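Look at the two complexes coming up: chain A is in both, with chain B in one and chain C in the other.
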Partner chain A sequence: MRTKSLAQSLPLIAPVHMLILSVIVIPSAFVVWLSVTKSTFGQDPSFVGLENYIRVLSDPAFRRALWNTIVIVVCAVHIELAVGLLVALLFASGLWFRRFLLVAVLAPYAVSEVIAVVMWRFLFDPDAGPITLALKALGLPILDWSFEPTHAMVLIALLTIWLHLPFTFIILYAARLAIPSDLYEAARIDGATPFQAFRRVTFPLLGPAVMVALLFRYIFAFRIFSEVWLLTGGGPARSTEVVAVYLYQEAFSYNAFGSAAATAWIMVAASLVLASGYVFLLRKQVTGNAH
Partner chain B sequence: MRTKRLSIGLGKTLAVAALLFWSLFPIAFIVMSSLKPGQEIFAVPPAYLFTPTFENYASLWNRWGSFFDGLLNSTIVTAGATALAVSASTCAGYVYSRNAGRFLNASVVFLIVVRLIPPIVVTLPLFPIINAMGLNDTHIVLIVLYATFFVSLGAILMRTFIDQIPRELDEAAQIDGAKPLTILLRVIVPLAAPGILAVAVFVVVFSWNEFLFAFIFTATKAKTTPLVISEMIGSIDGVDWGILFAASTVQLAPVLLFVVLMNRYLVAGLTAGATKG
Partner chain C sequence: MKNTSTLALTRRRFLGTTMGAAAVLASRPSWAAAKTLNVLSHKVHETVLGTGETDLLKNWKTANDAAVTFTTFDSNPLQDRLFREASLSETDYGVGFMVDNRPTAEIASLFEPLDEKLKSDPIEDFADIAPGLVQGMTINRKLIGIPVRHATQGLFYNEALLEEAGISAPPTTLEELVEQAKKLTFTSKAGTPVTGMILASDLAVFPVMFARAFGGDFITKDFALVPDPVAMEKALETLRAMFAAGALPRSYATTKNDDQVTWMQQGRAAFTVLPFARFAQLNNPDQSKYPGKIKAIEFPVSAALVGKTPMASVTEAWAMVIPKNTKDKALAWSFIKEVSSKRVTLGMALNGNGPVRVSTYADPALIQKSPVAAVEAKALATARATFPPFPEAARAQATMLEEVQLAVLGRKPVKEAVAAIIQRVKPLMPA
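Then we have the complex of A and B:
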């Protein structure tokens, strides 16, 4: 019976696995091989060991790209989490037209990175952008993003937060709604202030959802490509490159497939480290609760 | 007490106003600007009252024929990728929901781990292979790539949704002698429609908006809308912002409407996907 059901289920799970094996797993394994060889178009590859990894890790352009990526991930994701949490609590506190507001908050989810770049580029246009004009009118500093790398990074972070807030918000809001309201009633009867209720009830129970949202956003923010590529192209003078843009440049502008492949595996390794850190924390939490 | 409640109400109203501004102003601004006559787009201060005109849309039609080819390509690729991802995910999700065992559990873990690989990684080996196969710049490449990057999430989502369908239903069909594929199509699919829609929302939004793969694997024939729009930004010195806003509005409108209509399934999918996958 068991073998029969396995034989019957194999054809049904085969398409998913064939797609993943042929498009993701085998090519990624091939990238490992590329990363330890030296090759360009039309040349036979030769084995060079870890040379590509050493070259990438000691390349100042890569270090700059890695630093930029980490800054974007750390700043954008945490601000996004804080804002997402506030919005989730605002929704949970009871709002009029909640469905309409929910859809409004979700709207940026539908916007492609390309269109988001068009929007934000124009909003912050140094001459005519409505936000620039508003900042000027208020006497505040403006974002000179096409010349100042730091300003460009701020704009990229804003854009990232705008695009992904819907995701973070939904995860946190769903988790907040899953907290039984009896707990708040009990806290109220015990004389807890709203702040105490937040600290003792909401915050601990939202913990797992916060972890999930953070993990997903760390992993996905680390891959950031289109926003940077379309806004600054990594310039001026490679100062706003992120790891994925560095990878693209190495492979498709400089034909250095070996170092591009090494960069690719550094990216995969970073994702794995983040994910295993998450699993470790979850385990600790589970055993912590058991004690 | 009353002033306190009043100030809380006021604070909430302000917060909601700020939130609406943050989420909707950028979208509203480009839609509005697409309807402005050329000289008013750069008016200082920005004009919020003006006579709407479709001249930007007319110039888009006259000067960027490739944009409309892009819309057609995007439609084909989105439809293909969605059909492929949804059907593959539903089949796998059904198996995962109804069967257990070491082999199947291992393959679920495999699906989760695979999601850690960034899409840009596979472009390196696929680029020469796809060129060698003569598949560069075709719809099929994008369809397969887009579907593949969603089948792992899709299969796990479908398992979660199919778990909610009582097993007695397919057991009854089994006793009547129905084959697994028949049970899947006749019993499961109609009841799992919300899950199928949730997976479809993810794939449709992703395929319609994706830039990186389209940028690397297409050139002229299969070019999708985001790529055409990126070329409009690329020619920024001579860029006609009016045309760019019109093109952005046309690209955005259908997918925004889709997300608005499907918001329930999107929320269900995001929640289930994050907690189970």
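Then we have the complex of A and C:
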């Protein structure tokens, strides 16, 4: 095989590097620089060192927003995974009207987040929402989300699960369909019960797909914004605020670009820490497969 | 036989089509107006200027051979975009609309001072424009914006619901308002559950109106923070009592400005506080279940202040500004002059704009079209902004609202909430 020198290869790979440089590296470096300055409209940025990071990290509102984000991410992503896995297995086991049901399960992913939130706001309106009225008629407790912060958090989690379930489902369903049927046949001949077949065949082989789904959803879910912003606006009294809403307020309501940039980097670091366990497991799996 | 389709794309056809399209685009100015003025505004600023045959700028456009292109946003994103554009080395936007609680010294430095232009090429009867509004756009003795719209808050009530509850006249004091709101928390004959009053919880306007009704304030124009804590405590106690009695909706903490309009139109609330300019929308037969039945009065003061201190309602003013980095400043100033003229001010007022000229309120056409014009003019005489502009004003407002929500929802004692407002907002105040 003919090998090329770096000088010969560089022009061929340069466009990709230029692209990465212009859309990721330079903007990231700009945000790093912004995060160590005091900057707003009509004022030249002035270097303040790590002051913005210290200010954000010592702000009780930020710490509450970070806690809310972690709670929503951990709960929503794992429930989503469990439900997605259940639905994927149900589809793989054979269902009537499979195509129709597949469309129904994937539909939320085709709905704009803004429309979805408006729809849920209407359905769960504490005074006149159809679901609220139905729950009241049945004598069941309602989700008092506009008053009780915990109820609001539950509604936000439910909404985010509903919106993103198709993503988890489609990854797991594709992985499940890729498992050869003769493995199940062998398990059946060996006398395995359906649960044993799931534990010994399905789950181990779905492992890499589960890791990918979890990792992506952890990172995506950490950026949760529109569900919170449009449903509660972070209220009552900032009790349901998440990190992305905090960042938005700093940047676009208070025009404090330095602390907004610092918040963005803290957000990246926090989401990586939260997902690091799964990154480690995924890396282990990839290395294992390579050997 | 040659195996090519007549529709096949060849290099010659591709190049020919591209060059042809470029030529067509290049010839565009031959049928469009010679100049285009790009304007950054809220949709309402564009709407009140009319379109087609009712376009108030029709003559100006013909005389200047210019087209006006509006880019519209909601209030906060609009301000963000405007400041962003003005921070660039150059902008395509000639005119922007700025609200009066935003121009700090830093922000003002991004916009063209207009005093010289006003002297060399004056606006028609400039003294007729409310001096208080002009003052709001004068930063460090430099005029940076020409007022174009004000939104002064009034108390709206549903006359039909009041009659149904056996109330013959709207309230004359704040105490009466609270009493009536509690009485109007009932199920109407139509079977609709009615809440006495609806207020948005994400705007400082409403707690400030209640505080002023007791003679207090949040931040005065001289930057005094909560000058009368007792008045602020009374205001929050009143709101809290209304919430506890169900006279404010259970969803108070997530209620938005738009909800106020729809609840009033649907007869789900009996009272609200909104700009007088909303009168037409609230009584629009296409949208409202109570057209002609939703009336407006000046927000009442507490009984102890009746006849002593007039109500200082909250007013918000918008002004037209010219970014320093725009190219055609002459065209921008010409546009501002036209929009500020008596004729266009009246035309916009007839389309629902809060007029900034004192003389417009005396116009018979406006008096006939808007039954609330006289009340609005009276309220405007003593009205002032929610708070003056300063760099951390938005953060101060958010902090205050957080404490107000905690107090109204009963999660924090009112006294503690007011103390927290003072303690937390103080470091944000200008030195």
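Simple rule for what comes next: the second predicted complex is superposed on the first by the 250 of 291 C-alpha atoms of A that agree within 3 Å, B and C clash if a C-alpha of one lies under 4 Å from a C-alpha of the other, contacts with A are read in each partner's own complex, and residues count from 1 in each chain.
Just so it is clear, a contact is a pair of C-beta atoms (placed from the backbone, for glycine too) under 8 Å apart; a residue touches a chain by one contact, two chains touch by 3 or more.
On a predicted model such as this, the values are computed, not experimentally measured, just so you know.
Q: With the two complexes superposed on chain A, say which partner A:80 touches: chain B (first), chain C (second), both, or neither.
A: After superposition on chain A, A:80 lies in contact with neither partner.
Q: Does chain A have more residues touched by chain B or by chain C?
A: Per-residue touch count on chain A favours B.
Q: Going by the contact rule set out at the top, does A:127 touch chain B (first), chain C (second), both, or neither?
A: Both partners, chain B and chain C.
Q: State whether A:252 touches chain B only (first), chain C only (second), both chains, or neither.
A: In the superposition, A:252 touches chain B and chain C alike.
Q: Quick check for you: in the superposed arrangement, does A:144 touch first (chain B), second (chain C), both or neither?
A: The answer is second: A:144 touches chain C but not chain B.
Q: Under the contact rule defined above, give the chain A residues that sit at the interface with chain B and also at the interface with chain C.
A: Overlap of chain B and chain C footprints on chain A: residues 41, 127-128, 252.
Q: Name, in rising order, each residue of chain A that touches chain B in their complex.
A: Per the stated touch rule, the residues are 2, 5-6, 8-9, 12-13, 15-17, 19-20, 23-25, 27-28, 30-31, 34, 41, 86-87, 90, 93, 95, 101-123, 127-128, 130, 133, 162, 165, 167, 170-171, 174, 209, 212-213, 216, 219, 222-223, 225-226, 230, 244, 247-248, 251-252, 257, 260-261, 264-265, 267-268, 271-272, 275.
Q: Within the complex, which stretch of chain C touches chain A?
A: 76-77, 80, 83-84, 86-87, 104-110, 193, 201-202, 249-254, 268, 391-392, 394-395, 398, 402-403, 405-406, 409, 411
Q: Which part of chain A faces chain C closely enough to touch in the complex?
A: So the residues of chain A in touch with chain C come to 40-43, 125-128, 144-147, 231-233, 235-238, 249, 252-256.
Q: For chain B, which residues count as touching chain A in their complex?
A: Residues 12, 15-16, 19-20, 22-24, 26-27, 29-30, 33, 41-46, 87-89, 91-92, 94-96, 99, 101, 103-104, 107, 110-111, 114, 116-129, 144-145, 147-149, 151-152, 154-155, 180-181, 184, 205, 208-212, 216, 226, 229-230, 233, 241, 244-245, 248, 251-252, 255-256, 258-260, 263, 266-267, 270-271, 274-275 of chain B touch chain A in their complex.
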